[in-house]
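Please read through the structure below; I'll follow up with questions.
Chain IDs A, B, C and D follow the sequence of writing; residue 1 opens each chain.
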Amino acid sequence: SAEERRFAEIIEADSRIEPRDWMPEAYRKTLIRQISQHAHSEIIGMQPESNWITRAPSLKRKAILIAKVQDEAGHGLYLYSAAQTLGIGREEMNEQLLAGKARYSSIFNYHTPSWADMGAIGWLVDGAAICNQVPLCRASYGPYGRAMVRICKEESFHQRQGFEILLELMQGTPAQREMAQDSVNRWYWPSLMMFGPPDDESPNSAQSMAWKIKRFSNDELRQRFVGMLVPQAEALGVTLPDPELKWNEEKQAYDMSEIDWTEFQEVLAGRGPANAERMRRRREAHEDGAWVREAAAAYARTQAERKAVA
Amino acid sequence: SAEERRFAEIIEADSRIEPRDWMPEAYRKTLIRQISQHAHSEIIGMQPESNWITRAPSLKRKAILIAKVQDEAGHGLYLYSAAQTLGIGREEMNEQLLAGKARYSSIFNYHTPSWADMGAIGWLVDGAAICNQVPLCRASYGPYGRAMVRICKEESFHQRQGFEILLELMQGTPAQREMAQDSVNRWYWPSLMMFGPPDDESPNSAQSMAWKIKRFSNDELRQRFVGMLVPQAEALGVTLPDPELKWNEEKQAYDMSEIDWTEFQEVLAGRGPANAERMRRRREAHEDGAWVREAAAAYARTQAERKAVA
Amino acid sequence: SEEAAEYAMRLGDDALVLAQRLGAWISRAPEIEEDVALANIALDLIGHARSLLHYAGTASGRSEDDLAYFRDEPEFRSAWLFEQPNGDFGHTIARQLVAAVYLFELYGRLTASADPTLAAIAAKAVKEVDYHRDHAVQWVLRLAGGTEESRRRMIVALADIWPYVDELFRDDELHDALGEAAVRPSTLREPFDAAIAAVFAEAGLDEPRTSIARGGGRRGIHTEHLGPMLAEMQVLARAHPGASW
Amino acid sequence: SEEAAEYAMRLGDDALVLAQRLGAWISRAPEIEEDVALANIALDLIGHARSLLHYAGTASGRSEDDLAYFRDEPEFRSAWLFEQPNGDFGHTIARQLVAAVYLFELYGRLTASADPTLAAIAAKAVKEVDYHRDHAVQWVLRLAGGTEESRRRMIVALADIWPYVDELFRDDELHDALGEAAVRPSTLREPFDAAIAAVFAEAGLDEPRTSIARGGGRRGIHTEHLGPMLAEMQVLARAHPGASW
């Protein structure tokens, strides 16, 4: 049809699809799934870091941490808005999350037992997120691409802050250095898993790449990320916990140990360290806040009626 | 009337009035007021000590403290039962407390900023309570007198434990000794106020003594208490914070500085350190527990109906 | 001067304690927009606390973190209002209303302080607390004018918080000693009452008639809420004395 | 032996962490009778913790208080169930149900331990946890069979707690090493399931179908709930190292 042709042309031209443009139903569904998953990840992702807001060891770090978690809430809001342009309501997305029907990034099912995790999350998790997300700034769906531009800017700021936390620890006392290394040991592999399964086992990737929602394969992005980490780890003085990790001149890529994909599958299946905690906290915040949201809605209605009468 | 005569005879004979005996309405009201106030004091009195349950500095002390607060809950329950024999319901007493219509002992409107307060409360507050309460074991109203026998036994145990906490602190580090002395400084005067206003300003006392609910005057009890404290303070090595305190051979009583009765009146009028906190906690526990009590009542009804049918 | 340091410490502790309380909301708020808003307010307050405690510490060679993490409860100078527990969202809003209206009046006048450091801190802070005030007022209106349940909760929350209002407006020798460098708290009472009365009038609320809590925060006397809060706030810093973060 | 000490530490930490949680209820329970009952259970558990940690410490010359107050989070050996927050009363009861049924089966078998100290501790404890079990069961029946609201809350609470059941029944090398001195956790699963099934049948509840939490408490890996709890529990003891109380 003419619509389909026009859609294909826009994609072909690396131009943007906008909310009022026609789009294939599968494209819409894929985007809703991906954007809402991304939004949920920002929201659930607040939890592991909020764990240290009340215990942050200096006022400067407390402020930086609050600002970071606040940014995540903000990212969640932009992304929910972007998803809403595709015709799904925020309440519906939230229900899907609470019912376990919508996913969020598995990385947030890990715990943050130590302050150093505030550094490792910034350096590794936000670092991996950036590698994943920078290409999304050119995503074919306009509202998503534009949200990602804003988000990526802030994420790279977060990554630098995480690096600084680790750097401060690595230049500190033996206990602080140990704390930093332990945290890197715990977060390194989960952060590599953030790029998703190896290319030959990633079923949705081909279509997403054709639609220019996605622009690089999982393994390409993972390689790029590791390449970025290696010199930074040296600068920090931390050891990346992979004895096989080294540059392969021939392949022009890093050799690495095989990733433990059963771990990935376990967390995905709900058996990660913190899946139950994360969902409980979200549900309780939502339920405890119900009376507040109802009050705000009722008040807004009354005000609108008054204005209508006046 | 014959009833009045019989009542007077029982009182005269130092025998006990029992729930089914006739009694003057004023006697009943006085008792309800006094017993429910005493019950409320036990319940509100759990709060200042529960403040340290989660932070008690050794497991032994944690256990002793929990046991003590538990005893207070138990005393509250006996006393509510005793009051119920006079024809008032527990829910009604609780409503009076939450509405600010029933009192509790002002002493519990003081805070417990330090661990040493667990010692000072036992030594001074429970000590004063015992002096007040031992005579009540002979109170003319049977259920009250019997409840007091049981309570007094436990209170004297608590007093000894409080003394031991202070003794341990006074034999400890300089910081611990300072903690103990500071706490005694804060609790000494409020504990003396627990005996109530001076005899010449205590309007209800005369009738209560005639009815043998009360058997010694406020000032008599206060003197007895101070006489008990002086040698114990010496044994502890703490200073009682009254420079005027000394034995007066002539009067056969202790001279002491004048008590600051405006402080007493302030706390009584709701302007003590913790009045608002105490009532808020009690109200919140009651409200948060409403669904649980309703469930228990509904379940009991269902079970009773099932038994009736079977 | 030592007096200016003490004064800055009082204001700094108020801000720090309130920021710590608000920080505990983040990721638990009734809606994401409120996670953002409460985080924003907490951030502003930490900013104020840092400036004020930095200034308070210069006299004695202590850093903002020395003051925040290595003082014990009796050395904290915050008023009782700020350490009151978060409670439900209504309690947090009631506490915010009182805090923000008070701080707005205070910082507004402190911009004219004879102490240039305090004046500069106040000039920045007053714009921020103006936003906090607006945030609290809007929520009081919404909760009081929302549902029956929200109105009931708002009224309970205001009654629970009101005993802690009085302490904020008490003068003591420090204000005498500081003269034009400080703001006399008693002078803020009238504008505070007027601002609150306007909010209550719009919300159809009566001013709560409650007892007045004794207070004593300015002398290091606190309610039973501060101790456990400090235990959590200071635990990591104290486990690594001398470390830098 | 070192293994027996490690085993005693696991059991002792379970008891201590749960007692600390229950201690926070006292003066806040839904009725005074429950203040008494929860205090009673907390007291029993502290008793168990003291005996077990005393025994655990003898090998390394540490006292029960050294172990309770001067270990950091990664040295605690409690399972994740016990550190779960109190939540509403339903959550506390759900946690109590699992804990008490598990501990009853465990201590019942541990009375036959080849280690006479553990056997003696278990012999005393089993009678007490029998009461805890009865307390929890009665409340599950009341809440499930009470009002609509209480039934809804009980079901939510059980679902929130159920992920933490599995960890309790996992064997590891320590149990191999201890042989007849310890109880193999996996052997308790069947009686646990049977006891729970009976309660659920009477209460008209289905067993929650939830995910299984990973656990790791026995290796010092904990949820985000333990850290803040320890900060509060240990604050005073750590402020006065070496002091006696």
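By our rule, a contact is a pair of C-beta atoms (placed from the backbone, for glycine too) under 8 Å apart; a residue touches a chain by one contact, two chains touch by 3 or more.
Chain by chain, the UniProt names read as follows: A, B = 1,2-phenylacetyl-CoA epoxidase subunit A.
This is a predicted model, so every value here is computed, not measured.
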Inquiry  = Of the pairs B-C and A-C, which shows more C-beta pairs in contact?
reply    = A-C
Task = Tell me which chain's centre, taken as the mean of its C-alpha atoms, is farthest from chain D.
result = C
Ask   = Just how far, in Å, is the C-alpha centre of chain D from the one of chain A?
value = 36
Distance from chain B to chain A - Cα centre to Cα centre, in angstrom = 57
Inquiry  = Among all residues of chain D, which ones touch two or more of the remaining chains?
reply    = 228, 231-232, 235
Ask   = Listing for chain A: what residues touch at least two other chains?
value = 54-55
Message = Taking the touch definition from the header, please name the shape of the chain graph: line, ring, star, complete or other.
response = other
Request  = Mind listing each pair of touching chains for me?
outcome  = A-C, A-D, B-C, B-D, C-D
Ask   = For chain C, which residues are in contact with chain A within the complex?
value = 16, 19-20, 23-24, 26-36, 39-40, 42-43, 46-47, 49-50, 53, 64-65, 68-69, 88-89, 141-143, 145-147, 149-150, 153, 232-233, 235-237, 240, 242-245
Task = Can you check the complex and tell me which residues of chain C touch chain D?
result = 72, 228, 231-232, 235, 238-239
Task = Mind listing the chain A positions that touch chain C in their complex?
result = 43, 46-47, 50, 53-63, 66-67, 69-70, 73-74, 76-77, 80, 115, 165, 168-169, 172-173, 175-176, 281, 284-285, 288-300, 302
Ask   = chain A touches which residues of chain D in the complex?
value = 73-74, 160, 163-164, 210-214, 216, 221-225, 227-228, 231
Query = Okay, in this complex, where on chain A does chain D touch?
reply = 48, 51, 54-55, 111-113, 266, 269-277, 280
